[in-house]
Amino acid sequence: MKLHEYQSKALLRECGVVVPDGHVASTADEARACAAKLFDAGSARVAVKAQVHAGGRGKGGGIKLAASAEEAGELAAAMLGSQLVTPQTGPDGVAVNKVYIEAGADIANELYVALTLDRGRGCPAVIASAEGGMDIEEVAARNPDAILREHCEPGWGLRPFQATRLAYRLGLSGKAARGAAATMMKLAKAYGDLDASLAEINPLVITGDDGVIALDAKFDIDDNALYRHPELAALRDSSEEEPLEMEAATHSLSYVALDGTVGCMVNGAGLAMGTMDEISNAGGFPANFLDVGGGASVERVANAFRILMKGERVSAVLINIFGGIVRCDRVANGVIEALKTVAVDVPIVVRLQGTNAKEGREILRESDREFIVAETLHEAAEKAVAAAGGGTA
Amino acid sequence: MKLHEYQSKALLRECGVVVPDGHVASTADEARACAAKLFDAGSARVAVKAQVHAGGRGKGGGIKLAASAEEAGELAAAMLGSQLVTPQTGPDGVAVNKVYIEAGADIANELYVALTLDRGRGCPAVIASAEGGMDIEEVAARNPDAILREHCEPGWGLRPFQATRLAYRLGLSGKAARGAAATMMKLAKAYGDLDASLAEINPLVITGDDGVIALDAKFDIDDNALYRHPELAALRDSSEEEPLEMEAATHSLSYVALDGTVGCMVNGAGLAMGTMDEISNAGGFPANFLDVGGGASVERVANAFRILMKGERVSAVLINIFGGIVRCDRVANGVIEALKTVAVDVPIVVRLQGTNAKEGREILRESDREFIVAETLHEAAEKAVAAAGGGTA
Amino acid sequence: MSIFVDSDSRILVQGITGSEGTFHTQQCREYGTNVVAGVTPGKGGMLFDDEVPIFNTVREAVAETNADVSLIFVPPPFAADAVMEAADAGVRLAICITEGVPTLDMVDVVGYCKARGTRLIGPNCPGVITPGQCKVGIMPGFVHQEGRVGVISRSGTLTYEAVDQLTRAGLGQTTCIGIGGDPVIGTTHKDCLERFAEDEKTEAVVMIGEIGGSGEEEAAAYIAEDYPLPVIAFIAGQTAPPGTRMGHAGAIIAGGKGTAAEKMKALRDAGAHVVGSPSEIGAKALEVLGA
Amino acid sequence: MSIFVDSDSRILVQGITGSEGTFHTQQCREYGTNVVAGVTPGKGGMLFDDEVPIFNTVREAVAETNADVSLIFVPPPFAADAVMEAADAGVRLAICITEGVPTLDMVDVVGYCKARGTRLIGPNCPGVITPGQCKVGIMPGFVHQEGRVGVISRSGTLTYEAVDQLTRAGLGQTTCIGIGGDPVIGTTHKDCLERFAEDEKTEAVVMIGEIGGSGEEEAAAYIAEDYPLPVIAFIAGQTAPPGTRMGHAGAIIAGGKGTAAEKMKALRDAGAHVVGSPSEIGAKALEVLGA
């Protein structure tokens, strides 16, 4: 689950990381009032920042500076309700529903600092770079040596000497080094305490008087750990989530919308990906990833149909079930029952394999509804692609 | 540093461990008022508990039950200002300055649970026993198998399965097992967070409805870690400390009063103990342990004289200095200078060894003050014991 | 021969009285697996299916039954602790089926198991099966057949698919391991490859990877060092979009890293037989090994 | 021959610019110790006494100078982190002089050093000296003399006392180790005994214990297993009252355990030559070894 900048900064503030004063606003009037407060408190200028999950906001015009409260209000008015297009959004962009109004900072130096999981090592790592304020993946691609790492080992976490070592390797010294090291320790603690999968400060700013300030911040939280952080779960911004994916999740289905024409319903995530690959090999394009899970009850299958048929371009459905503990004859019956409650007006290709596959196929062949029955996955994919009108994507 | 029961329970309460309602009182009137509150809140009886650091209070009459606020007041009046003698105090006992007035508990079962350092393993351990409410050392001596242990390994601490395992090994089940395990986890966390050297709940009570309550509690805090716990350092009850030891500590001297006749001043804790042993071997009795530390400046030596001469039975002083980095001639001069400011009216035996020992001895021999100069530690001890009037203790 | 488990393995089941634990323990026992103990705190002293003794703690279960492998069906909030308890009690192998364990819990668990010398398989995996000897997991036993090919996979049903093809091809399997679909797992592709290399009966390895992480690349680097067995590999998720989690917590192309194309290239360069489609696995294995 | 340090040891000093660090580094260098680097964060790039390069981090110091032993003079709040930094940077031996380190910090540090394979000596100790080769600590070098006896002690000046007696007796020392007076230490009496047993030049060991803990009892159990060298032992604190800390944080008879009498008995039963007085150490060693 992704958090917005303003939410992430509130968390950082609680952990003792210094962040500029700022307030979130949903209307231009609120934005103007927030900005006025900051100017009253002595800010020379304020930033107006679109609160969207996509990165690269600066490049898309989602971060602007204002020299007066009036100007801040105008900038907010222009941003709020608009679709912000950044290098990380699609061409349609994402709707801006909130802006963050923040005091300007005195920037002497911009660093990158983040905690993330190093999957190869199986533990979190601090990633740091002296090239702050940039897209870290670009930095990594262009100059891998500019990316510094320290690992948080199981049982030990990040030790102070590691944070200090990073600060010196970043070229800092004195007060700035101590401040940056302390910030990294706090960030690492927050990462662990909040079950984050990413805790990023970019840029971490060194001010003219060697202060250390988090100028932008981003937390991603491990969905599997939300059960122990109800306060974080409450921060979810559903306007940023894919509605179909959310609906699927409420039915314990794992669904991802894609832009092809063959709707897929598969049991198991790996097999679901494999089915998509097989469709692609057959010259077609999958319309979605959908793991219907282990049970494949009538209700689950019905929900799966309902969701995948919302894919606008779906012109055929491929059901691929490997019956293990689940028996294929039960799945076949489930599909037939589900189709009584959901209208599916495109051809349905079914491939059943494993326990009672033969019986399952028999049930489908004998039903009133017409199914295109296949034995192998390869055959199923070819038939589905043909049924969807060939390889036209 | 030892904490009182009432202080320890306040800490436990903060950590989420259930403790009976209770209030501390310094006068009988306060005690009566506290008891009245508890009776008003529904207590059937209250306990009046002397707040002293020594254990074995129950055996010494330091814990009494009252059936009314009036009775509680009377019991408190008798305890406050009295000298409480327990198996762990000397025959003079310790002064009772505060009592703790506590709601009575519904006791179905009494356990012992403590966190302490296992020096052999080099890590903390939970010690638990089904024989609660007793002196754990007695239990250990009588029935070692009744003492259960789980270690808190470096980096990992106490894991929930260990606490659960202890609870079942203690013979608990169901709600009581879960409650006891949860209490152990909280106690272990408190032990670590507070830099305790002992965190003891004895007895940990299982109530009739399988609740889990800490009925007595004791924390000892690692003195070396007090710098990072100013809130704990503030809890020190100096009325419980040996005044001479406290005075010594303010001068960075390590002093322990004993009841012999030969006052000792030595550099280094090991050598100070060895000197005491040597005095004992020579048939005498050391009056104190005193480590004057590395420097042995005039000021330190003067403070050391001042403190050790407060030992009432001191009838000779033995100074034993091994000059390493410190030169013995400097120490000799320091002793002579210090004696100008402190009156020492008993014979002083001096043994100097190591750097410039010969020069140091020469300085002492040539000074106005009469010193008994010895070369070996053995000789010094014999001379000091003789000077103190032989082996009469 | 086989790796990890065989007919001598003595299995204990943590969470044996839960609904998942009960069902799959019964399935494993029907397959012939030697389930010697169960653990559910608070149910110590009872019997599972009138035969298998239940204990309150793993230590007790191990002391009483000499169990050496633990199969874990404990819900996510308690799964990490359950694995640690197994490791602390000295079981040789812990197999954690549980899906949805917080990632940072697993970081600790994997470190703890390493320090104790306990091998962990999973979490979020179907388990391990040595056909004809021992099934320690939730896979359908009947698709498997004793044979010549070792199988390693990050997924469940996709593995059964591959296994089924191997069985139909008459090749059968030595041992099949589901290593799990989470970002942090106890045993990697490479770990399994090492073990298969030492197994006399394994003549080839089928390795099924997917997008996300770098486990397949690490396996490829290991294969490139003169790995003695032919490896048939498939990577799921060639058509998956970047930045999106595909079901498994670990199946995500993050920061442009962990694509199927990269993994396939690394494996191909290392000399593995990489197939582009999951339906080609059995045929490719047959081609490589001969009938 | 010697143990732990010799003329090839390359020493780095953590906290070299503090007052203690400065003074004792100079003393060590005067003794002939090869101090190759210092570490003080923020002073990287400077030189100590115009000769020894100072670095911001231990890793850098090790990379640049191949230091393999670290001598640590860092104040108590930072000492634990300093030892871990040394272990992380791969030094073979870390010697922590600092007194007053919180006990629970040391629990972590000792575990961390073990996991990294770094030997820690101390804290709260005088350090290690191999007379004539290398002094890595705060002991007065001149009382030592190259010779035949290994010395292990929990204390400072009492060790110098024993060393002085050995020197006067003409026996000299191979290596002298102050293991430290704290409740949790990195290297025990037993660890040192093991190493001395492997040292060709060491003909006997003087072991100085004190009240508190069970390190001496563990050493006794080890000596009882046919230890190849004669051991002369003294335990300080025969007259110490129970329950009272005698200077050293670790010198306390707690719960009736850790008395000098117990330790002396254990050592005597194990076959050690136990002396009742510190002034008898040299004479006893001479008696045991011959002139």
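Just so it is clear, A, B, C and D label the chains in written order, and each chain counts residues from 1 on its own.
Definition applied: a contact is a pair of C-beta atoms (placed from the backbone, for glycine too) under 8 Å apart; a residue touches a chain by one contact, two chains touch by 3 or more.
All figures in this text were calculated on a predicted structure; none of them were measured in a lab.
*Asks:* Determine the set of chains touching chain A that also touch chain D.
*Replies:* The common neighbours are B.
*Asks:* Among the chains, which has its CA centre at the largest distance from chain C's?
*Replies:* Chain centre farthest from chain C's centre: B.
*Asks:* Please tell me the distance, in whole Å, between the geometric centres of chain A and chain C computed from their C-alpha atoms.
*Replies:* Inter-chain centre distance comes to 28 Å.
*Asks:* How many angstrom lie between the centres of chain B and chain C, each centre taken as the mean Cα position?
*Replies:* Computed from C-alpha means, the inter-chain centre distance equals 55 Å.
*Asks:* For chain D, write out the residues touching at least two other chains, lowest number first.
*Replies:* 108, 112, 115
*Asks:* Send over the residues of chain B in touch with two or more other chains.
*Replies:* Within chain B, residues 154-156 contact more than one other chain.
*Asks:* Taking the touch definition from the header, please name the shape of the chain graph: line, ring, star, complete or other.
*Replies:* other
*Asks:* Report the complete set of touching chain pairs.
*Replies:* Contacting pairs: A-B, A-C, A-D, B-C, B-D.
*Asks:* Given the complex with chain C, which residues does chain B contribute to the contact?
*Replies:* Spelled out, the residues of chain B in touch with chain C are 156, 159-162, 164-165, 168, 173-174, 177.
*Asks:* Can you tell me which positions in chain B touch chain D when the two form their complex?
*Replies:* 117, 119-120, 122-124, 136-137, 140-141, 153-155, 192, 195, 197, 222-225, 227-228, 254, 256, 258, 266-281, 286, 289, 291, 322-325, 353-355, 376-378
*Asks:* Looking at the complex, which residues from chain D come into contact with chain B?
*Replies:* Against chain B, chain D makes touches at 27, 76-77, 100-105, 107-108, 110-112, 114-115, 138-140, 142-143, 153-161, 164, 181, 183-185, 208, 210-215, 218, 234, 236-241, 244-251, 255-256, 260, 276-280.
*Asks:* Across the complex, what residues on chain A touch chain B?
*Replies:* Of all residues in chain A, those touching chain B are 154-156.
*Asks:* Provide the residue numbers of chain D that touch chain A in the complex, in ascending order.
*Replies:* 41-42, 44, 56-59, 78, 81-82, 84-85, 88, 108, 112
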